[in-house]
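Heads up: the structure comes next, in structure tokens.
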Amino acid sequence: MGEVRGFFYPRTASGRSSLIPRPPWYYSGDLLTVEYRTDPARVAELLPAPLTLAEDDPGAVALIWADWQSCSSSREELLDPVRSQYKEAFVVVRCAFEGRTYSRCVHIWVDKDFAIARGIHQGYPKKLGSMWQTRPHPFSQAAPRLAPGAVFGATLAAGDRRLAEAVLHLTGESENGGFVNGHPMAHHRVLPGIGRGDADAHAELIESGASQVDAGQAWRGDVELRLFDSPTEELARLEVHEIIGGFYRQVGVVWDGGRSLARLTGSDREA
Amino acid sequence: MGEVRGFFYPRTASGRSSLIPRPPWYYSGDLLTVEYRTDPARVAELLPAPLTLAEDDPGAVALIWADWQSCSSSREELLDPVRSQYKEAFVVVRCAFEGRTYSRCVHIWVDKDFAIARGIHQGYPKKLGSMWQTRPHPFSQAAPRLAPGAVFGATLAAGDRRLAEAVLHLTGESENGGFVNGHPMAHHRVLPGIGRGDADAHAELIESGASQVDAGQAWRGDVELRLFDSPTEELARLEVHEIIGGFYRQVGVVWDGGRSLARLTGSDREA
Amino acid sequence: MGEVRGFFYPRTASGRSSLIPRPPWYYSGDLLTVEYRTDPARVAELLPAPLTLAEDDPGAVALIWADWQSCSSSREELLDPVRSQYKEAFVVVRCAFEGRTYSRCVHIWVDKDFAIARGIHQGYPKKLGSMWQTRPHPFSQAAPRLAPGAVFGATLAAGDRRLAEAVLHLTGESENGGFVNGHPMAHHRVLPGIGRGDADAHAELIESGASQVDAGQAWRGDVELRLFDSPTEELARLEVHEIIGGFYRQVGVVWDGGRSLARLTGSDREA
Amino acid sequence: MGEVRGFFYPRTASGRSSLIPRPPWYYSGDLLTVEYRTDPARVAELLPAPLTLAEDDPGAVALIWADWQSCSSSREELLDPVRSQYKEAFVVVRCAFEGRTYSRCVHIWVDKDFAIARGIHQGYPKKLGSMWQTRPHPFSQAAPRLAPGAVFGATLAAGDRRLAEAVLHLTGESENGGFVNGHPMAHHRVLPGIGRGDADAHAELIESGASQVDAGQAWRGDVELRLFDSPTEELARLEVHEIIGGFYRQVGVVWDGGRSLARLTGSDREA
């Protein structure tokens, strides 16, 4: 019988059908970040053991929009850009594990299947959504230029409901693009057991981060942010108590795998 | 820290955000099935060890379009049907394991994220696609009625490329809706290891099937089928050597878990 | 030079590219109708001269969801159903012209380009939207059957914002599927002048209606309806003062043109 | 009764619902242009009287992909970018009218309803499609930079079928971004009569062009182009006989109306 190949499913004799290629994965894109503080108890309830709240500023949240082009080492996806371009919006908090601070994505929406599959691998809990963010352009007839005074809008919807709206007014240069998403990611990868009522068949805490990052000048700005409730989403439960700030930055990133931090018993889902 | 809940990700304190609810899962829908024979070697190359070719008619393939409405036990998704309706097209072959014949889905495309997540759980290798199938209706101004003479079309596309087109002309009643998809499913559930070059972190062969099926009168018909190649898909590699027949049937199904057949070493992907 | 052919644009030598074929147009589908009363002044402000409010029940509004399959006389679209199936939600009020009562569609959203083009021709002011309505099915695992006790949901969104949600609980048979959409349609067809500040280049009041209708048993039910505001939509301005009732009906329809009622001066848009 | 407002439908008391605002319209975006020569007879058959073939290079065709952000004078769409961003691919030929050379769009696909509505106004025969073009980015992990050696892909699909694929390899600077789309546009605006078999109710030849254009450095390159047939599209009928060249350019544009060249009898569609 067959020796099937392919990094992800469906595995075939050639490996050509795999929904995603083997890493490294390459990204070029624009990040619009809004940072704010919520009740740390709302962050804590998203941190299953063995994770704990970060010691410093434990209620800090980053809501990040990203407009990406991505590819494998072959770069062939760049010439068929339906396989290369995607948008996402995601929510990052911080946490601690064995004395180290990690970032952790607790909600994320994307608009392509290959992005969902990467999330399965990396532990990002990806759903489909509709994300939009204003693009900068050299000609300002219908676009901001990346400079003080520029105004960007960003929206997120899923299930035909709007979940978030942000407006960012750039005020000046920044030393960074925010701090909440600045640590390695600590993510769970879980697969429920196939039998009725089974514990998880696989539950693992992994660490992951970019293996290379290039970043342009970061810009800081003032932010308006509105979150909306939905029967199936809990973004709005991370209520906005205080805006920290907004950021815009263009980046190039390479991701090339992570490492396993802990195998878990996987009974959490029945808790 | 939190006791997170939820059958699938993202797990939260309430469990409300989970992309899919705990089974059982309920389905009502219409199945348009095309069965044909291909070179058994092309089937064999999609069957990783320990699976082997089915003894009887090993080159039989079913290409099935399904137009579904689905829900959890709460039935709440039926009142917000963006969360309930989805379409899919999938390719089923047969195989053998420990002396028993199984069906096996080797390619599948769906149009909703909750359907992808169910596939992750059940071992269906789901990608996003665009599927269309003619609907029967009591008024024939722009629809066939379910009766001899009715004609149905079905198409599949992914990545902005058309992958399959079928036309089914109903000729009469049938005792069943095809035989290729008539066994329990034998599916792999795999999760690549998070480290560069790692073997699979999880690799499992599972068995799964409906816990309850209601089915209406099955209809048989003549079929035209065309498959098209794509850089990222291998459906067309299952070349059409001989058409077996076409079928149309309305069904109601309940799915409530499966069972693990074998834990695998998971090194296949490097083969 | 060319003798270009085609009912609609783009016109070519063969006519094959036309976005829509020449009528008659054929439809089979399911209608979920919610009727309610709003302030008649809100209806009146949507009726440009020479239209006036209907004498009887002038504040009556119908919000209708339709799940259609449609085709031309060739029926070829039925075999390539991406060209045949579409969904819509639309708002109908009544009005009077020269002593006769007409229905009039004041807002409508569809999900295919050919449906938009038909609207340009028929005077329906179509935008793109995302519409979902529960489907009945013979197997009730995940569907209502068409009978008392059945419950249907319907939603409408546009621009990534939800605009309307309805739930219909069937209580029994009805003699009709509602009265607000029961008259010939009186629609404006307008094309702004191409020059800056020009009056309309074309402005016409037309009458249109089905040339043939088959309809199944109509069902009546209780309704919950919620409308939501949006910066670009005014559906919610037709506030719900009193629910009249809800209806479900399957229909087959043929449309084969209308007639011009009046050429207008077309200066209304500058009013 | 009402004094309805709004540049386009639906017209309401406030004008807020209009699918498109009153011009001027503002655009910032990137143009990827492929120019080639086809049989001039294939161009001629798309030019209804009173248009004739351009004298010089009458078989020249431009296939252009555009990735746009657009807005009205209020710029409010830029903060809700689902209303601002859209993509398109369009085919331009040249023609002559009363001794002057015009450009003319003969096929075009877009991905937003507001873009379709602008086309109705400007005489672009817009359908919905799926268009993708590689984006340049300052970080080259997954993007070309705008410089010699950069490679861009562009694809077009409609009706779940791929219609065109191009690859552009930049070789150096260019004085312009192509010549085929360099003239004012000569477009027909037609509205079929509402009665069965009626002649066009409105048929007009209009001239239109940008009222202001800013353009960055144009880049020239080598091109591979493939066109694919479809039952509903005739792009592939404009066969590629000789590639002229490819171009990439970023632009900012303002459009503020055109002028009517001729009222036509409108009987062409029955020819």
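Chains here go by letter, A, B, C and D, matching the order in which they are written, and residues are numbered from 1 within each.
By definition in this document, contacts are C-beta pairs under 8 Å (C-beta built on N, C-alpha and C of every residue); 3 or more make two chains touch, one makes a residue touch a chain.
This structure is a prediction, so every number in the text was calculated from the model and none was measured.
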item: Pair joined by more contacting C-beta pairs (A-C or A-B); value: A-B
item: Homomeric contact chain A-chain D: same or different residue positions, threshold half; value: same
item: Option reproducing the contacts of C-D, where over half of them reappear, out of B-C, B-D or A-B; value: A-B
item: Chain A and chain D, separation of their C-alpha mean positions in angstrom; value: 35
item: Whole-Å separation of chain centres (CA-atom averages), chain A against chain C; value: 40
item: Chain A-chain B separation of Cα centroids, rounded to whole Å; value: 29
item: For chain A, residues contacting two or more additional chains; value: 80, 82, 130, 132, 155, 160
item: Touching residues on chain B, where the partner in the complex is chain D; value: 130, 132, 155, 157, 160-162
item: Contacting residues of chain C [partner chain B, same complex]; value: 26-29, 68-71, 75, 78-82, 84-85, 130, 132-135, 137-144, 151-155, 165, 167, 212, 214, 216, 250-254
item: Chain B-touching residues of chain A, taken from the complex the two chains share; value: 1-14, 16-17, 19, 23, 44-49, 51-53, 76, 80, 82-83, 106-107, 112-113, 116, 120-122, 125-128, 159-160, 188-198, 201-202, 204, 206, 208, 231-234, 237, 256-260, 268-269, 271
